[in-house]
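Please find the structures below.
The two complexes that follow have chain A in common; it is paired with chain B in the first and with chain C in the second.
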Partner chain A sequence: MIGLPHFLVVSAGLFTIGIYGLLSKRNAISLLMSVELLFNASNVALAAFARFGYGSVEPLAGQAFALFVITIAAAEVAVAIAILLLIYRLRGTIWVDEIDLLRW
Partner chain B sequence: MTWVFDYLWLIPLLPLVAFALIFGITYENKRTSAWIGITAALAADAVSLVFLFAEIAQRQPHHVIKLIFDQFITFGTAPADFTLQIGVLGDPLAAMMVVVVCSVSALIQVYSLEYMRGEEGFVRFFGFISLFTFSMLLLVLSPNFFQTYVGWELVGVCSYLLIGHYFKRPAAAAAAKKAFIVTRFGDFAFFVGIAYIYARFHELDFYRLSTMWTAGKVSSLGLFVIAMLVFSGAVGKSAQFPLHVWLPDAMEGPTPISALIHAATMVAAGVYLVARAYNLFAANPASLAVVATLGAVTSLMAAIWAVAQDDIKRIVAYSTLSHLGLMMLGLGVGAYSAAVFHLFTHAWFKALLFLGAGSVIHSLHTQDIWEMGGLWKRMPVTAWTMLIGCLSAAGIPIFSGFFSKDAIVSAVFAQGNIVLTTMAVLISFFSAMYVFRLFFVVFTGEPAKRRAFDPKRIHENGRAITVPMIVLSVLAAIIGLAASVTVKGGFSGFVFYGPRAETESINYVALAASTGIALAGLLTASLFYHARFKRFSAAEFNQRFAPVYAWAHNKGWFDEIYEAMFVRGLLLNAGRAVQWFDTNAIDTFMDSLAGGYQLVAQRARRLQTGRVQAYALGLFAGMFVLVVLFIVFGGGGTLAAAVGR
Partner chain C sequence: MSHSQALYSIAFYAVALLTLTSALLVVTLRNVVRAALALIACFFMVSWLYLLMNADLLWVAQLLIYAGAIPVLVVFAIMMTRRSMSDTSNSDTSNRAWALPVAAAVFVLLLAVLLPAPWKLTPWPDLAGTTGVIGEQLIRTFAVPFEVVSVLLLIGLIGAVILARHEETEAEERK
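Here is the complex of A and B:
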């Protein structure tokens, strides 16, 4: 029987991979993909909590939140890619360790 | 005619509306602006006259208070808490004063049509005159100390604006500042006095307070302190010694403004305040003695100084000081009606003297009396009206000044204080002497100094200037007599304090004495200064008594003493101390504070690496710490329970 713990383990795994990617990759697109992994890790957890219930929380709230997260992620990626495109045009690179405009 | 009491609010409102119209709408149009001001003053004057006659018709002592804002400002919420009120007060004293203010204001504005023609700031001048009139009317019609104070400060501001009318001239700017700052000393004390009254009596209404002074809420010392604080305000505004120094300098303003300030607004406010709050002083004989002494000292000093001045406006200014001092002396010795009567008659002849002086200045473009002389033929209307003004000011019988001045001098005689009596005699003598010195030097003989221009150019001024002077001279000639015969019991049967005197008791000895003294003054002036009757040389006299002359000519060196003591002595040293404190204490503290921030910021800004992943690492490290804390302290159990289910 697959229960809440299984889903949470999957979620934690996704989250860890996301963190690893975010901290180690140099390519900004990879960073965005890692962020997507983080979002989806949380989505899995939310849906799982909703399905299996947790206290007296309204069951559908989890799914609703997951949908919100997907929407917001899409919007965020659109903005981020637009910024990245501009940075690429200006500086000719999207390697994040070479982009340090907001430095002291 | 009692219906007029329902319309008293119109009297201050009309000039206020004129002020708003002039500055708001008609500022570009000179004639229209001027006539708006004149019309408003005349309309207010019409209401005031009805008000005056309604008051004369009242047989019983009475007062009417009509509140306009019964809760202008409220402190606290409970009904018992205190509210400041704005309203109008109708009683004989107010009726007399509003007539003076409105009439003089209207006449002076007509005069200014000609006098200020082509001057810079013509419209501004008329706008501020309307505001000035409004302020004074607000003060005069005030039923309580609060509203009085509002009018009081407004009057101060207006005098500042108008004395500094030619603000591009440094002397005028300095004089305006001096007037404002010197009167401020008095105003401050007055404000403290009002706060003290409120703290002790929880009441500011004049009439309600009148029965409360002696009800034992404050000790007699406290009452004396209150009276002195209120009187300090009057000392500042009415330019009494030791705060008299601003008034002569206020001559830097245009002459019509000097007339307005000296006759109806501003300086009259101080005497009016003492008259209005007279029950406060009457409840406390010691304060009356102070009022009398200070008034007599101011009056005598100013009268002597006036004899040694060369500037025509300054002579008249010192005359005002002297007459205001005389009013204070009258109030101080208990001659309430006489002093208020003198306030009334003084307004007409003083406005007249100033307008006459202005007419001469307008024609000759000089203020030095020694450059004038022999104007009798060339400026007949000015000469005749000035003669009436001088006769009235000197207190020659049947002219208005005589009635009031004689009443004050008689009261001083009757009081019997030998020092005050002597001073009153000297004041009468000198005040007759300086006005006729002025008159003889300006209008008879030949100029002592060569004029800097062609004498044929001197001519009588236009009708706008002469008509107000003629109106004022008629008033100055007859109003004393008129007031004495038309009202039952004379003026003292109209405005009085305490029980009404049914018949005027005339002290013939005092009457003869004061007339004789005034005539002696006149005669002395003619012996020294009249072209034909000259027997003595003033210059020789001045040389023989050089120290006295120097003292009088330099106004007792008060300006110099104040300059040395307060401006250079106190202010400069205080300024140095403040500067030391500022550079050493405050600046050092601020500099080190800023330096500290800078030091911290230098180090802390290194955290901003500009690398996204460094920030992300910090973010996750923080989250990790939070999760660990969550598991260790409490929250972890719940999580475990949830997962285990």
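Here is the complex of A and C:
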């Protein structure tokens, strides 16, 4: 019988893969994709809580939260990609270890 | 275990396996365009995970926004930047030796917190769909966050346009 722990393990796995990509990649767009994986991991956990804890204080609040997360992720991607294109135009690179203007 | 439960288990394990595999491909493929395609596959599989959790509105939202709109933006950004098609376009930094232990530690920590926690489980009611319930919530309980998010989307739209605008073409227009 598939229950809450199964979905939580999938969520934790997605989160771990996102953290790994966030820490190891050079391309700023890859970092952005890893952040999207983190958002998806949290959304899976929220939807799982909504599914298996329906009778709690606010029914389906988890799914409403996940909808907000999806909306905010869309805005975040638009702004982040605009910033990346601006950095690329100004400095000719989007590799995060070459964008070191503030590094001492 | 009844017949439908066995089918549900098979569907869950297949979807979970495909989700995690495509997510792994996102961080391991050397070509960033291929990584973006794996990302689309991962979002697509996560949408089926939502359907397995009876979240039909989230399923549609995930397909439209995550599997549809966001990859378009990401692929567009990849094509606008140099070196995108090369086999080193998704390479690792010198931090890579640290990344794996830290990620493994995060995984162990998450499981150690999530699995033993005493969750209050309740049975699923026989709903015709979740859209009605969520829609009512959005205009009652979450009315304020709903309005704030709409303002945030507007600010994000304006901010993205202002950031991505060409300074030179603007100067030429003024002449």
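Couple of notes before you dig in:
Note that in this section the second predicted complex is superposed on the first by the 98 of 104 C-alpha atoms of A that agree within 3 Å, B and C clash if a C-alpha of one lies under 4 Å from a C-alpha of the other, contacts with A are read in each partner's own complex, and residues count from 1 in each chain.
The definition used in the following text is that a residue touches a chain if its C-beta (ideal position, glycine included) is under 8 Å from a C-beta of that chain, and two chains touch if they have at least 3 such contacts.
Predicted model only: the values in this text are computed from it and were never measured.
Contacts of A:L23 after superposition: both chain B and chain C are touched. Touch counts on chain A: comparing chain C and chain B, the chain ahead is C. Of the two partner chains, chain B is the only one touched by A:D100; chain C is not. In the superposition on chain A, contact is made by A:L31 with chain B only, not with chain C.
When both complexes are aligned on chain A by C-alpha atoms, chain A residues 4-5, 8, 19, 23, 52, 54-55, 96-97 touch chain B in the first and chain C in the second. Listed in rising order, the residues of chain B touching chain A in the complex are 605-606, 608-613, 616-617, 620, 642-643, 645.
Those residues of chain A whose C-beta lies close enough to touch chain C in the complex are 1-10, 12-21, 23-27, 29-30, 32-34, 36-37, 40, 43-44, 47-56, 58-61, 63-64, 66-68, 70-79, 81-86, 88, 92-94, 96-97. Chain A meets chain B in the complex at residues 4-5, 8, 19, 22-23, 31, 52, 54-55, 96-97, 99-104. Contact residues of chain C toward chain A in the complex are 1, 5, 8-9, 12, 16, 19-20, 23-24, 26-27, 32, 35-36, 39, 42-43, 46, 49-50, 52-55, 57-58, 61-62, 65-66, 69-70, 73-74, 76-78, 80-82, 89-96, 98-100, 102-104, 106-107, 110-111, 114-115, 119-125, 130, 133-134, 137-138, 141-142, 145, 149, 152-153, 155-157, 159-161, 163-164.
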